[in-house]
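Below are the structure tokens for one structure; questions will follow.
Labels A, B, C, D and E are assigned to the chains in the order they are written; within every chain, residues are numbered from 1.
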Amino acid sequence: MMPAAQADTSTYAVELTGCTKQFPTPGGETYFAVRDINLKVEPGRFVSIVGPTGSGKSTILNMAAGLLNPSTGDVKSFGEPVSGVNRRASYMFQQDPLLPWKTVLDNVSLGLTMAGVPKAEAHSEARRWLEKVGLKNFADRYPHQLSGGMRKRTAIAQAWIVNPDVLLMDEPFSALDVQTRQIMENELLQLWQESGKAVVFITHDLDEAIALSDEVVILGAGPGSTVVGSYEIDIPRPRDLLDIRDDPQFVALHREIWGRLKIEVSKTYETAMAEEGEVA
Amino acid sequence: MTLVGSKKNGLPAALDGGTRRRARRTEMSPLAMRSTQLLLTLAVLGAWELSVRAGIVDEFFFPLPSDIFQTVWAWVSSGFVFPHLWITMQEAILAFLVGAAAGLLLGFVLARVRFLERLLDPFLQMFNALPRVVLAPIFLLWFGLGIWSKVAFGFTLVFFIVFFNTLEGVKSVDRVLVDNARMLGASEKQLLRHVFIPSALTWIFSSLHISVGFAITGAVVGEYLGASAGVGYAIAQAQGVFDTKGVFAGMFILMIVVLIIDLLVNRLERHLLRWRPVQSS
Amino acid sequence: GAPAAAPPGQSGSAGAGGAGSSKVTIGIGGQTLLTYLPTTLAQELGYYQEEGVNVELQDLQGGSKALTAMIGGSTNVTSGYYEHTIQMQAKNQKIKAFVDMGRSSGLALLVAPKNEGKIKTLADLKGKNVGVTAPGSSTDMFIKYLLAKNGLQKTDAAVSAIGAGSSAVAAVEQGQVDAAVMLEPDVSVLTKRIGHDPVILEDVRTADGLKEVFETDAWPSSSLYAKTDWLDANKETAGKLAKAIKRTLEFIDGHSGEEIAAKMPEKFAGGDKALYAKVIEDLKKTLSKDGAFTENGIQAVLKTQQVANPEVGNKDIKLEETYTNEFVK
Amino acid sequence: MMPAAQADTSTYAVELTGCTKQFPTPGGETYFAVRDINLKVEPGRFVSIVGPTGSGKSTILNMAAGLLNPSTGDVKSFGEPVSGVNRRASYMFQQDPLLPWKTVLDNVSLGLTMAGVPKAEAHSEARRWLEKVGLKNFADRYPHQLSGGMRKRTAIAQAWIVNPDVLLMDEPFSALDVQTRQIMENELLQLWQESGKAVVFITHDLDEAIALSDEVVILGAGPGSTVVGSYEIDIPRPRDLLDIRDDPQFVALHREIWGRLKIEVSKTYETAMAEEGEVA
Amino acid sequence: MTLVGSKKNGLPAALDGGTRRRARRTEMSPLAMRSTQLLLTLAVLGAWELSVRAGIVDEFFFPLPSDIFQTVWAWVSSGFVFPHLWITMQEAILAFLVGAAAGLLLGFVLARVRFLERLLDPFLQMFNALPRVVLAPIFLLWFGLGIWSKVAFGFTLVFFIVFFNTLEGVKSVDRVLVDNARMLGASEKQLLRHVFIPSALTWIFSSLHISVGFAITGAVVGEYLGASAGVGYAIAQAQGVFDTKGVFAGMFILMIVVLIIDLLVNRLERHLLRWRPVQSS
């Protein structure tokens, strides 16, 4: 019995159990960013996290990546406790993570060259990825010579090129225009479907979350937010991202999730407005 | 609408406009800059010369610039100064290289291993405050009268400057960059190479700019305290016989050498930091 | 002026002549100081070579540094003050002087121009500020000895370090010290700058002064000394060095200041050859003629040390272990 | 005649005439970011700029702010040529512009304290603005202790508090969830309507652009992009931002503009994909 | 699931868990660190003492640590050292303050006015390479035998270190921050106060860490070359009579003083840089 159960849990690509993260506030108290988070992502699944701003989405991703230690609770990846960085994951940060002293090409090929791939090979692979994100002609630029959206796309290519088992993405497409965004979404889906990766995806766009995911997780209002709902998206794949918004299943799911989310979001705002309530 | 602006497809005109505007807003050409510097130098030297001749400044302490140059010329033309210069340069360059290398190494290690930093920081601070001149006998004891005692002298100056700056430079690296590199699979060594060193490079160069001067100072002071050759020795001897001209001539030659070295360091810096946005205003 | 051809270090090794000559490094406590002139002059005259020793001169810019360098093993022989051998015995370091170059320390206690007329005797120094080259140096010992001899406390006058050379001249000329113990050529340079002879309270550059201050006809100062071990192991070399210095002393005795100055490297004159020649002429009086130590001379040095140097104090000093005349005989 | 004409042009809050901006590329050539831009914004008007990523929107805003000199062309603000920073404008940057060493409160009140407002007054005013953006309880935090969306909102409050004549905003709401975004949009409209400011607003969300603006300017595909279309949005005000998407006028405008935009966006992508074409 | 994790609303437990985890992953307590440092010091001194007693190390150059401490104690208990220390401290602190202020000022000005930077850079480099010891007579001439010549000595060391670091620190400020502040109406002075100074603060502190040591070195070396009081004078006196114990005792006292000053600088730094994210790993 026991071994079977263990084998079962060990299949999760990312597993957060009862994770709470608190930060000290300037006032000397503790601020609970997230509280008692349980999140299980099987390999091959595409999970989106949505929630009001400041609810702790990035914090969860940081814990999954092993960059932040939960104050309590456990983080596992493929059955192994995550200590130090999660070597099986790649993480696209919300902030700008490009190395300013490397050209776009060197930034993108960084993961490969560090893994020991010969330079020429890494570069040609990087060019392939730059083409995918539409930056082929900007390979020799330095990051400060790019526009905001271009930097984001470079970061995406940088995270994707290493071909990890888990993709952690924090609002990757928010700085892109609609069309470019769709192209990137398609690329992401293709990448994911080809290889059976697990994807944890943060977005503010519920449409995007539903269109792409197998599961949408909703985070409650902070402080001390926790998972308030989880919705299985059973729209059959492959999905046509252009027309999916007219799909009745999509519309129904959207209404349902949006109803729940709205409550949380307005709660956040009310908490912020209320006189008390800084610390949970 | 200006004439230039109305030439819709006038690429040369547009370029022209851009250049003109840039030139107006900022930079002097390197040549003009050099001339200004030369003028400034000449003005200062001229004022000096005049005030000595007028007796306002005492020639005993501040010889005539023209006399200094004559001495420099005599030293150079007779070849007298070159063996001395060669020895001083050897010492300074060795002190600079060894000191910078050790400072970099320890700086990186201590920045990465916080335990070591906390442990060793007070000791390093203490040693940095030791007056090197007092230690001269010990340096002579350990390193002999040759160039190595002077190298050690310069080392103790260069090392601390480079060390403290490297330490701080590495510690102030943007965390997101480090995290990102680690997520991409960087080992500690790769982190160093791809993130810490490039990021700390402005810091390191700042310390190198400072320590070029200190390396030479160290070598000269070392010679000054005991040697049989080197510019410091030549200066010490001149000073011993009240030959102020000789003292200034020696210092002048040092200055020129530093200028040349600094030019090289600047060039290297510009090359290694070419990724930085061009600063304007 | 046109400089000497090459640094002494270079010329020393390049000019290695005599067959089978051994190499000796002599550390000088300030090569430009006149009191050490014979060491350099012997090199310039080629006497070391003629005697068959290959000498390299190292300028250590100060007697104590030259001594420490020798004890540390960087040099073999030091051209420094004889008193060091006594000080070292107090520290259990066996050092022996084997040639005496200076019969007198050549020091002069003089009054800064601003105090001329105000300070007339040593007693007037009470509460005043006296310049010495460095604390603990022989100039420092000199003033302390003088104070003690005149019934004052050693601390009755404050002692300031003013170095030697231009910094000393400036300090005295500007009156930053009330009086100072100075050496040649600083005294001559000062005289020239202030335009008249400074008021001198004590002067051991002359035999009379020496008699008055130390009650002796000799007060061995600059000398060649080495570790006793080294001397015992290199008797032959030491003998050659002693001979070279003795010949140099004889040369000095037999020539005028100008002739001697002409033999010295040109830049030692510091641009003022006449002054340099005059200073050398004066120096001749303070140099030894034969390189030998005299018994009452070394007793006088010991006495100075006992009075002025707390590190020697009343430690039991065996004077016979501090010097030898066997090489100059 | 002449004075009248002059008086007329001088009423533009922001006026770019024939502005071209080129950058040197690493290859030594020049890259035309934007070419021959003409943009006139009257006081009291709300103008949005939309365009594909990398088309030069931020470049235009930088020129209007006086932070970037056009290679050719003239920039004027209220009839005065802009040299140095445009003192009558406030600018919310696309990048993170908060001073890391100041608390949220000090960051927001910075513009006031620098204008000489007494500290207490500036702080209470800043608290009012923090309340508007829902960050009242985070006044004493340092920027690194905030989430991405919170930092954006702090920057918004920082830009708004100085009450300038021109508001330049570069994708201010892209990191916010839908609900918070709507609240902020309402705040912005209120602020604008109260005071008759001119607003130049960059967004990737065409819905947002149409819902808020008097005029939507479309930028063509780069390199060397220029204004390819300008649409007057004559939906009457006040507008109900929640329901405006169902307004038939909105739908018609959206269709029209989107048709135009789509061409540009796909052009960008094609250029990027094509073998040649790095430099115009 | 651990026991701690299962207590859903156990706030104290949660806090506890957090602390424990943190303690395990990183830091040693300050007390433990101080003890380790003390142990290290004692180990080194013990080894030294033993090797001197065993005759491996020459006592003439390295006296017994126990003798050194005896001398220190004698100097302290007799009160002999305090007037000297007081003078040296005055000199060092003045040199530090004046040098740092001048370095900061010139650093800021030159970082903001590129023309001046380009004009003056080579001169500053040249002067930085001048061996200060050679200049001693000139300092004595200009500033007399009192504390000011030593202050000038220390100044020439501190100034260059602070200057070069400030220059580089201000030049590497994030452009967006500057642009933002300018858009918010900052005057040049306000830019300095709100953006440049805080941003360059890590740089400045790095240079201050270095220059604390150099200020003291400068003062001591200055005294060593010509003075009537000060720790450097006391050391020179000891060295003049070959009292190595005294030399080391003087240096030991200097080290202790530096340690105390450095503690204060560290505290100030921590206060002024409290906005920085706490560094982990």
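Observations on the model:
One rule holds for everything that comes next: contacts are C-beta pairs under 8 Å (C-beta built on N, C-alpha and C of every residue); 3 or more make two chains touch, one makes a residue touch a chain.
Note that the coordinates shown come from a computational prediction; the quantities given were computed from them, not determined experimentally.
Traced through touching neighbours, the fewest hops from chain D to chain E number 1. Between the chains B-E lie more C-beta contact pairs than between any other two chains.
Look at where the CA atoms of chain A average out and do the same for chain E: the two points lie 45 Å apart. Averaging Cα coordinates per chain places chain A and chain D 28 Å apart. Distance between chain A and chain B, defined via averaged C-alpha coordinates, is recorded as 47 Å. Multi-chain contact residues, meaning those touching two or more other chains, occur in chain A at positions 95-96, 103, 142. Of all residues in chain C, those touching 2 or more other chains are 68, 72, 165-166, 170, listed in ascending order. Residue numbers of chain B whose C-beta contacts span two or more other chains: 61, 137, 141, 224, 239, 277. On chain D, the positions that touch chain E within their shared complex are 65, 67, 85-87, 89-91, 93, 95-97, 99-103, 110-111, 114-115, 142, 144, 158-159, 162. Touching chain C in their complex are the following residues of chain B: 60-61, 74-75, 78, 80, 83-84, 136-137, 140-141, 144-145, 224-229, 233-234, 236-246. If you check the complex, the residues on chain A that touch chain D are 23, 25-27, 50-54, 56-58, 94-96, 103, 131, 134-137, 140-142, 145-150, 153, 170-171, 174-181, 183, 204-206, 261-262, 265-266, 268-269, 271-273, 277-278. Taken together, the chain B residues at the contact with chain E in this complex read 26-28, 33, 36-37, 40, 61, 114-115, 118-119, 122-123, 125-134, 137-138, 141, 160-161, 164-165, 167-169, 171-172, 175, 202-203, 205-207, 209-210, 212-214, 216-217, 220-221, 224, 232, 235, 239, 247, 250-251, 254-255, 257-259, 262, 277, 279.
Contact residues of chain B toward chain A in the complex are 176-177, 179-187, 190, 194-195, 198-199, 201, 273, 275-277.
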